[in-house]
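Quick one: the structure is below, questions incoming.
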Amino acid sequence: MEVIFSVQPLAAVLVVLGGAFLILFTGEHRRNLRETWTILTSLILFSLVVSLTPTILRGGLIEFTLIQLTEGVALQFRVDEFGMYFGLLASGLWILTSFYSIGYVRGLNEHGQTRYFFNFAICIMAAIGIAFSANLLTLFVFYEILTVATYPLVIHKETSEAIMGGRKYLVYTLTAGVVILFAAIWIYSMTGTLDFTPGGFVKGHGTSTTLTLLFFLLIAGFGVKAAIMPLHEWLPTAMVAPTPVSALLHAVAVVKAGVFGCLRVILYVFGPEVLHELDLWLILAYITAFTVITSGLYALAQDNLKRRLAFSTINNLSIIVMGAALITPSAVTGSIFHIGSHGFMKITLFFVAGAIYVKTHKQNISELDGIGRQMPITMGAFAIAAAGVAGTPPVCGFISKWYLALGCLDAKQIVFLFVLLTSAMLDIAYFFPIIFNSFFKKPKDGFVLHFDEAPMMMVIPLSLTAIISVVLGIFPSAIFNFFNLASLAATKIFGGM
Amino acid sequence: MLEFIVGKYNFWIYIILMMIGFYAMIAKNNLVKKIIGMNIFQTSIILFFISIAYKKGGTLPILYHAHAHGEQAYSVAEYINPLPHVLMLTAIVVMVATLGVALAIVIMIYRKYHTLEEDEILKASK
Amino acid sequence: MKFLSLVVTVITGAFLVYGTIDMPAWGDADSPASRHVSPRYIEKTEIETATPNIVTSVLADYRGYDTLGETTVIFTAGMACILLLRRRKRS
Amino acid sequence: MIVEQSPALIVVIPLICALATPIVGLVRKEWCYYWVLLSLLAATVFSIVTMGRVLSDGTIRYFLGNWDPPYGIEYVIDHLNAMMLVLITGISFLVAFHSKESVADEMPGRTVFFYTVFLLQVTGFIGIVITGDVFNLYVFLEIASLAGYALVAIGEDGAPLASFRYIILGTVGACFYLLGVGYLYMVTGSLNMLDLAQLLPELYHSKVILVAFAFFMVGVAVKMALFPLHVWLPDAYTKAPSASSALLAPLMTKVAAYVMIRIMFTIFEPCFSMEMLPVTAVLSWAAVIAIVAGAVMALAQRDLKRMLVYILVSEVGYIALGVGLANRNGLTGSILHILNDACMMMTLFLIVGAIVYKARTRTIADFRFLHRKMPLTMGALVIAGLSVIGIPPTCGFFSKWYLILGAVDAKQWIFAVVLLLSSLLNAVLFFRVIEYAYLEPRAEDAHGHDDEGVIIRMEEAPVTMLLPIYAGVAGIFLFGIYSGEIISTLIQYAVPTCF
């Protein structure tokens, strides 16, 4: 295997860090300059990340050891297919989110914009760091940075509701961090290494009880951010945050970091063999299947659009983890691909929610009747993305669900196939009314019936993400080889079997 | 047993002194009494060190017939151990210094509260 | 509180008594304390420091650095007293 | 030539400069500040030079007055105290740098003597750390203590009483230490640490040694403020002036912890400390209670400085726990935490000093809008707070990493869980402060604009305060990121080989 030692992964992280501080020091008084930094940084970051792709597609790895932290564990970056995939997703979506954010915060004339953009950049830095981490400790370092940097975003509105949401968020995520730390230290004490290896590295260490305990500690730790039930409580509460934050939280950085962590644990720490040996995969699959169904039902009951989207996110995240837990090549491919496809679709949905809010100050679904006539582009994007989440071809959600379904069959677990189908039904059940009502129902008072869209800064990003979702659905590898990366990662993991 | 008790009687005295001082330091209410306890404590330590130095039949550690230009050999058993004495000279000075600072602080307290009883000071400062 | 202090004191005392059991006999010229380092002071002080008073020679020469510390202690105490007790001049 | 003498110069420079400070003050009061800075800078340079020598040539033994060791006094500088020396001189330099305005503000008319005692305090710390002789250590311990009593007593209203209690307990601690020295001397006849280390193994069964060891430990634990002997600390450090507490809080406890490590692992063999007595168990449990009790007490405080002081009690618990675990990772974590905690505590106390100087309050509830008034200071507070919580890549995380690793290695699950739990408690503590300082609660659905409400002008602390604070912040990150380097170049030599 080709391993290239290059400073690029570190550079990617440092670029964002530098950008963040430029934003901080430029400050409130020179808004345009500050926003320039955001855009510039996101573009540089994206091109840096893209420049790494060819090597990875050739099957190589890119490594950079920053500094030795302790025997056998370094602050080390290693870009593999899976990390590359997540890195591309995060950096790519950041560009769109940046444009959208600028439209959003200016549209609402929010307070504390500098703090907002600064923390946003730090979040992305952390997400990139997480993507490129070579070992559990490095991942944990960035994971905790992410936790802390998200806090100011959650409490951004500084209402008492936001503060409570922030506290809840901190309680959940910091406790999770502590749990991960404990498990990581235990594993290090047992094996003397924390390096991610495709197919796992804990095999042959520790008793089965210890391994089971460690597995669930780690899954519980990462599961908090991935909002696996019953650890999901914080996520709907954190919906008080501004919409681009929710978009970032849900589609890209935070929850995906949790899912990314779960997948790293399942596939790169424990690995298929250990999980099969101890039957852990089945337990995890059942837990996540439970979450899939329950969160779908919860979503039905929500009237607040963002809360409904939040439960839909919980639903999809659990599908991803469930796919990984099935540990068959196609299920893992589908699950990894779903990280990206869900990212694009869900960010579209949140962008739409934000656009509606900026334009009409409406948050509840019951108030949205007829809005499709006022904001056709926005609601059109919403329809595409919602269909995609439900798994309708040709939107990209279909591809991931297809592979996941194949994986269920491979694993000879028909139950999970039914879970997938049920969840798709639920998706339709909670999205379809919105689409239908917004276009065909008679609008209530207060709607302008002619065309009146949200600012272009918001409409363009959300249309773009909707378009990307469709393109990915038709040509899964068209954009930066998303699908190739996912299947390559799966191949490597199962290479040993 | 008796030999044990009689043979180490100065250690017993030191322990008793130490206990008296220690008790006064932590239990007395009056600040000056505490300081007195502190001094008793430190004195007991001096007694202890000096006891270590003692040799039966030994004399003060000052050479007699000195300045014989090094030709004379001195018998170690003749002189008591000088080192603990030196240490205690230093310790006494440290003691005095501590006493000084403690008294200075007591004066500060007195200037402010016009009393030296700890409970009254606590009452006044609340 | 007084009772607690008494208990602490008695425990400390009892511990000290316990330690006394293994102590070398009092006044023993052969005890380790008199054998290891101190003989040199007695035997060599005249040659090495030309001072008949052994305590002086140890204080000021062999362990002179302790004495430097000792004077520093006094200086510290003096400075501390001035710092604490000096009343501000009315100006 | 001068490099040869560098160990002595580290002590002598601050000492001589302390003697000269009143004279400098006679000429010009304002010069004292620069004089102190200059001397501490020189001491820092020499301690770095000394550390360089230790790193290249190994342990330095420096015979004072050229008398060979068991007879005279020697300095022994190995990797552990080379690190401590740099730490002490560096931190005291930064604290002195910070103190310019706050000393003039809090102790008008007393600057000259304050700086004299300040330098003597530093001399005391250096003397304790550098010496290789148990009695000499006592002498310098007393210098440091006396200076400390004075530095505390000049503080606010209740300070003299707090200082008086500190004197009583501190003297008990020092006297216990002295008793320990006496008992060791009685059965070995030596005062030199390395000599003692050779003589003692034959005598481990002796009850005298046992008593000596116990008295050493109790005495040092008082100075270190290890639970339950911490009672003097909260009042004393809260009521001391900002400059004093910023010097004492990071260093006094750490120096005492250093002495404890020396006693347990240099003078006595680790096996004695671990096997002959249940010391390690007692120590770890006391530490665990300290960690929890300190954090819980801190929760109850409304005064930022008092909260920090209780956090200090809890941090001392970490250090003691690492020592008590008595394995390689635990002790590594403990020594690393001496370094990290000194850095964090210095930064935090300097920040309190800056807040007191500018905002005239320490009550957390009064911190509203402080992030607009003093954005840089509050930014530093956030970072230092994150480090105390143990968020990577700040240094607090890495010492916790090793400590928990040590606990897991020792299969002491309770300790590991307590360490983790305490991070959460610390998180509650600091996010509470951050909420007060950063958030401006507003009505539901009100979209705040920047010009809404009170207009707060920026009133940042002076540069002399900000520079040391940010040096501390830099330290927090550097010690964190380079913790692996620090361990492989310094700390691993300080851990006994038998671990």
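For reference, chains read A, B, C and D in written order, and residue numbers begin at 1 within each chain.
The rule we apply is simple: contacts are C-beta pairs under 8 Å (C-beta built on N, C-alpha and C of every residue); 3 or more make two chains touch, one makes a residue touch a chain.
Everything quoted here is computed from the prediction, not taken from an experiment.
*Asks:* Of the pairs C-D and A-D, which shows more C-beta pairs in contact?
*Replies:* C-D
*Asks:* Report the inter-centroid distance (CA atoms only) between chain C and chain D in whole Å.
*Replies:* One centre to the other, that is 26 Å.
*Asks:* Using mean CA coordinates as chain centres, what's the chain A-chain C distance in Å?
*Replies:* So the centre of chain A lies 68 Å away from the centre of chain C.
*Asks:* Please work out the Cα centroid separation of chain A and chain D, and write it as a whole number of Å.
*Replies:* 43
*Asks:* Taking the mean of the CA coordinates per chain, how far is chain B from chain C in Å?
*Replies:* Centre-to-centre distance between chain B and chain C: 9 Å.
*Asks:* Enumerate the residues of chain B that touch no fewer than two other chains.
*Replies:* Each of 22, 26, 52, 83-84, 87, 90, 94, 97-98, 101, 104-105, 108 in chain B touches at least two other chains.
*Asks:* If I count partner chains per residue in chain D, which residues reach a count of at least 2?
*Replies:* Those would be 135, 139, 142, 146, 149-150, 153, 160, 185-186, 191.
*Asks:* Scan chain C for residues touching two or more other chains and write them down.
*Replies:* 16, 21, 23, 31, 33-34, 37-38, 41, 63, 66, 69-70, 73, 76-77, 80, 84
*Asks:* Which chains are in touch, pair by pair?
*Replies:* Chain pairs that touch: A-D, B-C, B-D, C-D.
*Asks:* Any idea which chain C residues touch chain D in the complex?
*Replies:* Its residues touching chain D are 15-16, 18-19, 21-24, 31-38, 40-41, 61-66, 69-70, 72-73, 75-77, 79-80, 82-84, 86, 88-89.
*Asks:* Taking the complex as given, what residues does chain B use to touch chain C?
*Replies:* Where chain B meets chain C, its residues are 4, 7-12, 15-16, 18-19, 22-23, 26-27, 51-58, 61-64, 66-68, 70, 72-74, 76-79, 81-87, 89-90, 93-94, 96-98, 100-101, 104-105, 107-108.
*Asks:* State the interface residues of chain A toward chain D in the complex, per the touch definition above.
*Replies:* The touching residues are 28, 66-70, 74-75, 108-112, 137, 140-141, 144-145, 147-148, 151-152, 155, 157-161, 163, 167, 170, 174-175, 177-179, 181-182, 185-186, 188-189.
*Asks:* Under the stated contact criterion, what part of chain D meets chain B in this complex?
*Replies:* So the residues of chain D touching chain B come out as 135, 138-139, 142, 145-146, 149-150, 153, 157-158, 160-161, 163-164, 167-168, 171-172, 175, 178-179, 182, 185-186, 191.
*Asks:* Applying the document's contact rule, which stretches of chain D touch chain C when the two form their complex?
*Replies:* Its residues touching chain C are 15, 18-19, 22, 64-65, 67, 70-73, 108-110, 113-114, 116-117, 120, 123-124, 127, 135-136, 139-140, 142-143, 146-147, 149-150, 153-154, 160, 183, 185-191, 199, 206-208, 210-212, 214.
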